[in-house]
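Read through the structures below before going on.
Both complexes shown next keep chain A, but they swap its partner, so chain B is in the first and chain C is in the second.
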Partner chain A sequence: MRKIAAAGFAACLFAGPVLAADPGVTDTEIKIGDVNILTGPASFIGRAVSIGSKIAAAEINAAGGINGRKIVIATEDDGYVPSRSFQALKKLVESDGIFALSGTSGSANILAMLPLIEENKLPTVVTTTPNELVYTPVRPSVFTIGATYQDSFYAQVKYIHENVRQQNAVYGVIRQDDEFGAAVEGGYDKAVKEFKLKDGLRLRFKRGQTNFSAEVLQLRAAGVNALVNGGIIAGAANILSEARKLNMDLAVASVWSEDMPPSVKLSQPAGYPYILADYVALNDAATDTYVEKAKKYLSADEVGGINRYSYLSYVGLKVMAKAMEACGKELTRACTVSELRKIKNFDTSGLTAPISFDNEQQLSGRELKIYQLDPKAGTFKALVDFKRY
Partner chain B sequence: MDFLLLLISAGLVSGAAYGMIAMGFALIYKATGVVNFAQGELVMLTAYVAFSIAGAVDLGFWSLLAVTVPIAMAIGLTLERIFIRPMLGEPAFAIVMVTIGLAVILRGVTIMIWGPDPLDFAAGLSREVITLGPIPFYPAQLYAIGCLAILVGLAYGFLRYTRVGIAMRAVAANETAALLMGVSVKRIHAVAWSLSSAIAAVAGILFAANFKLGPDMWFQGLRSFPALILGGLDSLIGAAIGGLIIGVVETLAQGYLGQGLREIAGFVVIVVILMVRPYGLFGARDIERV
Partner chain C sequence: MRTGHFKESYGELVALTDSSVTRAWVGLLVVALLLLPLVAGNYGLSLATAAMITVVGAVGLNLLTGMTGLISVGQSGFLAIGAYTNALLLADYKWPLLASLPASGIVAGVLSLLVGVPSLRLKGLYLAITTLAFAFIVNHVILYAEGLTHGPNGVFLPNASLLGIDVSRDRPLYFLVLAVTILVVLAVLNIKRTRIGRAFLAIRDHDIAARVMGVDLVRYKLLAFVISSFLVGIAGALLSLQIRFVNVDVFGLILSIEALAVIILGGLGSTAGAILGAVFLSMLPELIRIAFSTFGSTQSVTYTTYVYEIRGIAYGVVIVVFLRFKPDGLIGLWRDVRRYWTNWPLAY
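Entry: the complex of A and B
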């Protein structure tokens, strides 16, 4: 009887580390969560994010996995609704038992999920919405890749001021009345103050608005000839369409989502060669190589869905994998977070600037590249290479 | 002065879209006594149908309309037969719930078939700006105002001079009496759904040509609701005029007062009007609202 008790005690001792291990890790698998926009008008973003994660996971698994463990992605749709993001993550944590989080949906969505991420100390790499509120204050397990919208619009207004509208410029901004819009206006505001620009008009609109005729008339009445267009997708295109109707001569700064093919197709008829600043490469050797590599793992349909968000989620999961690999066989959330903090100059093959999280904000990839649309061809040319603003 | 004229013209364009969508609501309400909460989805669905037709065959605007409208009418008839006919005689609330369910189904089906990406759809119209005096318009904007005027004329003629139109008015006035007088209420309901879908097609095509085609277009149904209430739930012509008023008021509010007042201006107008005329500007007095 004593022998049985001793054996049982010994078994418990040996089983201890396994029982205490963090969820989502088995001898053969590591489960990574992905909360994403898979339904609704913005779902082409979510699909692209999923595609990027799929390529990264396939590539890692084809190379033998992380210390022998394959990556498995568990995806939940939030429809771009913050309350649903919270519910989706709750399910991933409590029911699916994920180890870490890679896809994090939109700005308001990641903000809704942050309490749950902190509570569970989930290693999380945020790539699609590098909103300042995500890393201020710093959450120990949250790492962010990307420039802020503030930086993006500051960079664009600076470029317009120095290269496009050197004289008689009147600036204006039209933006959503939410956190995203506030960030857009933040960049505009910083540039206007720093360069002492003429601030013609600032306008806000509700998310989902389609008709901007009155707003564009207000911009024209204020004499705006350099516009920060905070609209996205159809909204951005409708603003430009109204401006074209009024024959406005505009230099236009845009949100980085306007570099995606569906957005470009909508905006092309207005014919404005708008600029944008992105922390992701577009139309160059790095993205060509990526797409070629992706074809090994994706269907033709999925390859067609690749855009900037695919590059980002790919980079995000690869960085996460690098940290997990450094933990060896004893993979824990705490170790992954600690290794993520040590990431320095992680090479993304030119998709973004090299990633380093060894800073107080655990923030990287803030360098921006400025592009301009050729509205006839629907392609972008680089104006300024990756640079920190 | 130019600014005011430009705002009014922009308001008339958006008001024309509201007006056409609201006319579809009013037609079904007039014939059946039920608010069809899937009207916005019908607008969206028929616009997507037109988009597919335009993708397959190169058609000008009127030809596209000529092909799309009969298909839209067939869709309206089918939906009425499948979802609404079995509910005949049931409480209005139950029928309204069915239309809400139908709306959700149509949204899902549209995304399943055409995907979630917004699309550019010229609807066979040029994008060259036309200037009338000091006011520039896209052709699609002028067509929207023109089509609203045509629809109002047709609705007036239909309800006043045609047998079916008069029967529809009889059903609206007293369904039981109309039934006893030999009017086929079922047929009138079917005709109402069919014609309402035809109006939805015109509204959808022109809305998409002006503001892009997307799966969030259904929301325009709700945006048009103030126009319907303002004009009077059972008045087609009232709905059209209500649309124009709401469009102009919204645009003027945004243009002169700004900062999001567009969103509330329409509702302020209907609150004020309903306090004075609870049945709307042109509605019948004894309406029981749902």
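Entry: the complex of A and C
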């Protein structure tokens, strides 16, 4: 009796779930997961991501789906908190039974989800947070689209050095004290060393800081006239506003989130024609076509929420769909991953550079386009087309 | 014979319970928890594991704030210390889990002395602000001591094993967390009935009177901090085992506030209350999800889309309602229900 009880307990302890064929695929639909920031101050990012996935799914479904199967998006909110991202993905995998993952929230959030993604061999396309830690080391089922912040700031400092501040330039950087800020400073550092630039001052600040008067005074005291602004949205705008109060003559490099309408609205009054480098198109024929397409599937309110993150999640899901389509009727996660690896020069209609995952890091779309803000009109003009740095 | 509050021996006075009914219910609960993996899926087990980790942390905080009356809003700092200690010892120093798990508690306990010392002179809001500052300092140190903590990049945990069993899988982790939770609850219940526990209660009720009666305030206040932080550190280590990635963003200050909400809702000072509060608030999002899903798929999608806003509102409403109508918390509600049925049909 004791042996039977022990065997029962051991079975209960060690037995794993009996897995059928890959979950999330039926004869009529494919369920794709989306973990996103739908609540809190950064929710406009998550909503834009969801809008992009929605457009892609609607477009694919309108064209007959993937080998006759419709795409269904299952979305979970994580509120931008990594431990919640883990629980949200756990629910999507274990309870909703998703086949693959498209929306992956913020940097720390995707990192918190990676162990679960690896364990379930979940085909995943990361578009919004191309953090180096996502693809180093390479996770077999994870594919990344996008340039690093490091590349973005290197490209901008290079542009400023070659075209804006050719003489008497003193460079400075102000950045957050987290992994994002470290990447910003990494790009700055690379450019400073490579072009032997005068490194005036490097400052760190805590995420959420709103008053930058002391920091900007330090920048002025150091004679900085070419600034790498590592603030995001309100933070970036406050830095520029303080600089304007001191009448500082600045060439400014910015984070790519500064191309979104809410960011522009906040930064515009300071009047700095800041530049930024992004791996997604901002305001050209590609985005116009996209918005026209979106109007077919979305409400006017949703169309108003479109920004760079919508373009990216759209591209991510389209790439994923291409790989799933190549698997035919016998759709499995292993096949999808294998087909994603074969993706080469996938045309995104100009939203990003063509996507190719046939490289060791399973990383693509690293080419950056440099833009400059017209502070009066609140629009951007392209300075340099998509280029790899 | 069971005689209410009348005790006939010292043994009865310090026994965990003198009720065979209570023993039977607790036994049934433990058996149910042991059998849960047979009926619950991996998501259910993951939720149960998260709830038990919250129980460990809440019981630890309750010992400090509920039993000793020392308000701490720096628990996210101790949680981070425990999680980082476990993660770094497993990932960088290749310690076995059997050593890294208690080490996480010990490091948190030792570092709590830094906050414990000011607590000898500070009380109430002043102490709360001091502990809050400690949580900020912990975050700052983690971010800047990159050589030790990997800075903002965080730490990925390797697959940890205990006695040859891979605890990164849902079931073994569930059993590990269940075992730790039972040990922690038993330990705290026992501490409460010792000289130490009575000293804690005396300090909470009136520290000057306690001192007059011979309670060494320095010793017992520091001890409360050390034991509480040890337990919160263990909770942090368990959390790191579940998520398998630690980063400062995981340990936001909101966790400290939520922890206080848990013990207030459960019933300050009561271990059973801390357990009830932790389980209730951990399961609240799922309860709301079930409620929404019963009203159709549109409501279900609305909930999924705005889960944390709805959860935040539900947290607030539940806490306000309890503070207004049931300040004793869930444990007070439970006592009322029990008294009603015990005295039925002569309940009043």
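By our rule, the second predicted complex is superposed on the first by the 369 of 389 C-alpha atoms of A that agree within 3 Å, B and C clash if a C-alpha of one lies under 4 Å from a C-alpha of the other, contacts with A are read in each partner's own complex, and residues count from 1 in each chain.
To be clear about the criterion, contacts are C-beta pairs under 8 Å (C-beta built on N, C-alpha and C of every residue); 3 or more make two chains touch, one makes a residue touch a chain.
Bear in mind that the values here come from a model prediction, so they are computed numbers and not experimental data.
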Answer with first, second, both or neither: which of chain B and chain C does A:G40 touch in the superposed model? both
After lining up the shared chain so the two structures overlap, which partner does A:D177 touch, if you call chain B first and chain C second: first, second, both or neither? both
Which of chain B and chain C A:A62 touches, first, second, both or neither: neither
In the superposed arrangement, which partner chain does A:A377 touch: chain B (first), chain C (second), both, or neither? neither
Check whether A:A285 is in contact with chain B, with chain C, with both or with neither, and answer first, second, both or neither. neither
First (chain B), second (chain C), both or neither touched by A:N247: first
Which partner chains sit in contact with A:A334 here, chain B, chain C, both or neither? Use first/second/both/neither. neither
For A:P262, select first, second, both or neither according to whether it touches chain B, chain C, the two together, or no partner. first
After superposition on chain A, the chain A residues reached by both chain B and chain C are 39-40, 177
Touching residues on chain A, where the partner in the complex is chain B: 39-44, 177, 203-206, 208-211, 213-215, 217-218, 221, 233-234, 237-238, 241, 244-247, 262, 265-266, 268-269
Inside the complex, what are the residues of chain B that reach chain A? 3, 6-7, 10-11, 13-14, 111, 116-120, 122, 127, 129, 136-138, 211-212, 214-216, 219-220, 250-252, 254-255, 258-260, 262-263
Touch list for chain A against partner chain C, complex: 12-17, 38-40, 74-79, 81-84, 86-87, 90-91, 93-95, 108, 111-112, 114-116, 119, 133, 177-182
In the complex, the residues of chain C that touch chain A are 34-35, 37-38, 41-43, 46-47, 50, 143-144, 151-154, 156-157, 165, 168-169, 171-172, 175, 239, 242-245, 247-250, 252, 254, 304-309, 312
